[in-house]
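Taking it in order: structure first as structure tokens, then the write-up.
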């Protein structure tokens, strides 16, 4: 990946049933438009009957928006012929994201930091919390902060306000947001809402995972970043990692180590999403490196 | 850990409720006997009411057996005073182990190899299998092989024969032994029978873990070595590790990578046990490094 | 990577200067021949002036040999047009390798084992050693063993005999072969001779790397697998890995841990080479995953 | 490690030549004072002629300062008898540190953050930089910032001012400080000044390590935290870690990944130092976990 001028680069994500000729057809179509392929990754589950996935970064001779329009038009017949899902996104476009948090700040801080230093090429446009604790953190970073307390009987109201606020965002990140979200809230964001789960899924689902991990005497603790679906903690996994622990670590130590792995795993998952590296298929993800 | 002459070294494992003065009392007692402490590791869960664990390697002026007897006698009053569990084992004594396998040979091979090269300072005295497949492997290594087929209605008979064969061993290792063992068979071996579980417990309990892992789209696969208890897959964990995977790996690839991590994790757990590094407490282990 | 029938699969490795249209041209050519692309990985250093690398696995309708001939013929004009280096290899062809060893057997054993279990899809056709120590190991595995002692004044003779023995092999692996090889011996094998270096290059070049590592108090030890060039230890790196150590490990312990990481790193490098995943460019490698 | 009340805890670091009876004598002395040992780690290079190292955390019945004085007095005869180096430090005492930086902020930010969240139990008392770039970062964290430009001909003046500012600190951290420090500046801080080196020492000493790593085609990049000695980059290593890379990463990507591993490695090293876990011996460290 070169730094260079990205103003004319498009990222194209394609998925369809595998059949002979897809790569040839797509790359030829881009070549016709004067595009030069910078990166092309492809994955076929099975050439016979499996799914085919492709990510292309193409340098176009024209400005980003015009190029995108041209490519969409030019790929239209292929899209129909191969019944492809196609997603096109100019590399120069900075995605806007909303972050939902509760009281813990380690994931939010890592996101702010990596967005500031452009390690994650995105912008945090607003922060929503059910607690006021992280107001200062948001203010210091110059990001609008919305405190939406979630009272038991008024959950719907809070969700409706949150839904209005996040409308138009490219991505919503639950950075240790400790509220269960309703299906109607979640559904419009399928594939664009990422959660960090404080354990190595599918182990230790449920409350107090570090206490569970301690009682079970595990030798590794982990974290999982996944897309949010209506089915809690069951959405497609984007990234996981672990940290070695031993008998010396008690529950507070596991939490401290857990915070490290959580913020790293979430930041990687968000970066990959923002760089259009992730395709969801069924309950799995293809993450192009 | 120096190589050196180990003929006069004792390994002492102690566990009891924590109280002031334990370390002083024990190390002083050993000093009285002319012992020189080579390694002393200690772990206190909580000085107030928690458990205290200690591993000492001590160089004794006398021959191993006489030293062990002396130390046992000399520590007896402390044992009573602090209500300690004490285990003493001459470092020079090569432990004898039985390995139970089914058809897959990767864990057995790693154990044979590491015992041959003394990376695991133990001797495989016999191999038992419910299949004849690995006979040649055992013969090539010069280890007695017992084929005990487990027919559904005669499981008890097979277990009884196996129990007779392993009688007197120091350790029993289930190196991918694909039969569920009965409680009466397992119970006498509590704390001396190690199993390798083909997944990162507590995730993916049950059959076909790699298929489960694939369907769930995990990004890491793992393995867990644990002591066997009557409660299947729930015994104290000794070691765990993981291997990174991605969308490219299909079930056979996950199995191949799984085999790698399984044999490494099992070999480490066996080595630690054989070197008297592991103390079990409740359902957890303290593993002294 | 699916298991499946590989008898009709070809692996194609391409490198050339990057220019627009390469992927389109190549994939279209394969499509014309009725090929279905199973995997296509590509890497461009820089679309402007950089190098372009591609690995394609393609399912051909015909038998392997005929397909290979057809593809070679069909790609010939492209080869000229883009000045491409092209390497074509039927996936079904089991590569033959010679292994050179001295006294230590850990790398040899890992290779024998992984070849036997088809984790490395290759065959060890012969073993050459400057010591007789590993004769039994070779015999047990049914592999011809040649003892070629290297006396100081007759080094050339030994090399000449070795050169004759390895003639016609696909790959030569130096699995802890502790002799320096002459340029004339090495040169014909450029890109097809792999060495395991007992340290994390470029650190600790020279003798006694574990002693050096101990004296320096490093917290990680590593190993490096690389292609052999006339310039000792400076060839293109294929794979590296490390293992965590601490103050407790003395030189013999570092060696034991080093052996683990050495055999794993070498086995991975050999597997990648054998699966045609590696392209050398200048002093670097592109390893397609 | 329990959280709990640490006001009465002392950390004791001991090193001396190994002889029989040291542990017994020290633990008995603490027991006489009513101390309860919470943690005791010990390392003997060789019971015959090697060095002996010990770290004890002891809960004392009295207030911290009085306890420390008592322990010092009480251990004095042992200190003489065994010719021990002894360091005693109340666990409740928050260490004060100065951070020297240049333009890059990733290490500084990680330190600020981990000090704020008490993951590192220390306080950053001042920041010194040869550039003004990070003024805002320091101001936002409420930490005094001193801009001391280092002009070629006035280096000595800058060092003298810096020496005056850091006087009385417990620790000085070079968090990507890109100036070579003179021996007179460094010497008084031997064992209390930590540097992060942007590579996996001893590889890639010198300028532009990521360019060197890229040209050499390494598959891992790393970072090393070490104590500063007059001999540049040669001081005792505290911690090292690596990050996997491949052919896709170009120099800017290596730098980005390097920043991650640098900040993690430095933060761990600083935490261990601040928690009195590190003993230096010759050019190595013993780091008690």
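We call the chains A, B, C and D, going by the order they appear; numbering starts again at 1 in every chain.
In this text, contacts are C-beta pairs under 8 Å (C-beta built on N, C-alpha and C of every residue); 3 or more make two chains touch, one makes a residue touch a chain.
Here the structure is a predicted model, which is why all the values come from computation and not from measurement.
Engineer: What's the chain with its C-alpha centre farthest out from subunit B?
Structural biologist: Farthest by centroid: A.
Engineer: Please state whether B-C or A-B has more C-beta contact pairs across its interface.
Structural biologist: Higher C-beta contact count between the two pairs: A-B.
Engineer: So what's the Cα centroid distance for subunit A and subunit B, whole Å?
Structural biologist: Chain centres of subunit A and subunit B, defined by C-alpha means, are spaced 41 Å apart.
Engineer: Please report how many Å separate the Cα centroid of subunit B from that of subunit C, as a whole number.
Structural biologist: 36
Engineer: Of all residues in subunit A, which are in touch with two or more distinct other chains?
Structural biologist: Residues 2, 43, 248, 250, 289.
Engineer: Within their complex, state which residues of subunit D touch subunit C.
Structural biologist: 43, 45, 53, 200-204, 215-220, 222, 236-242, 246-248, 250, 283-287, 289
Engineer: For subunit C, which residues count as touching subunit A in their complex?
Structural biologist: Result: residues 2, 4, 18-24, 27-28, 30-31, 34-44, 46-47, 59, 289 of subunit C touch subunit A.
Engineer: Can you list the subunit D residues touching subunit A in their complex?
Structural biologist: Per the touch definition, subunit D meets subunit A at residues 1-3, 105-106, 109, 113, 117, 119, 140, 248-250, 252-253, 256, 259-260, 264, 289.
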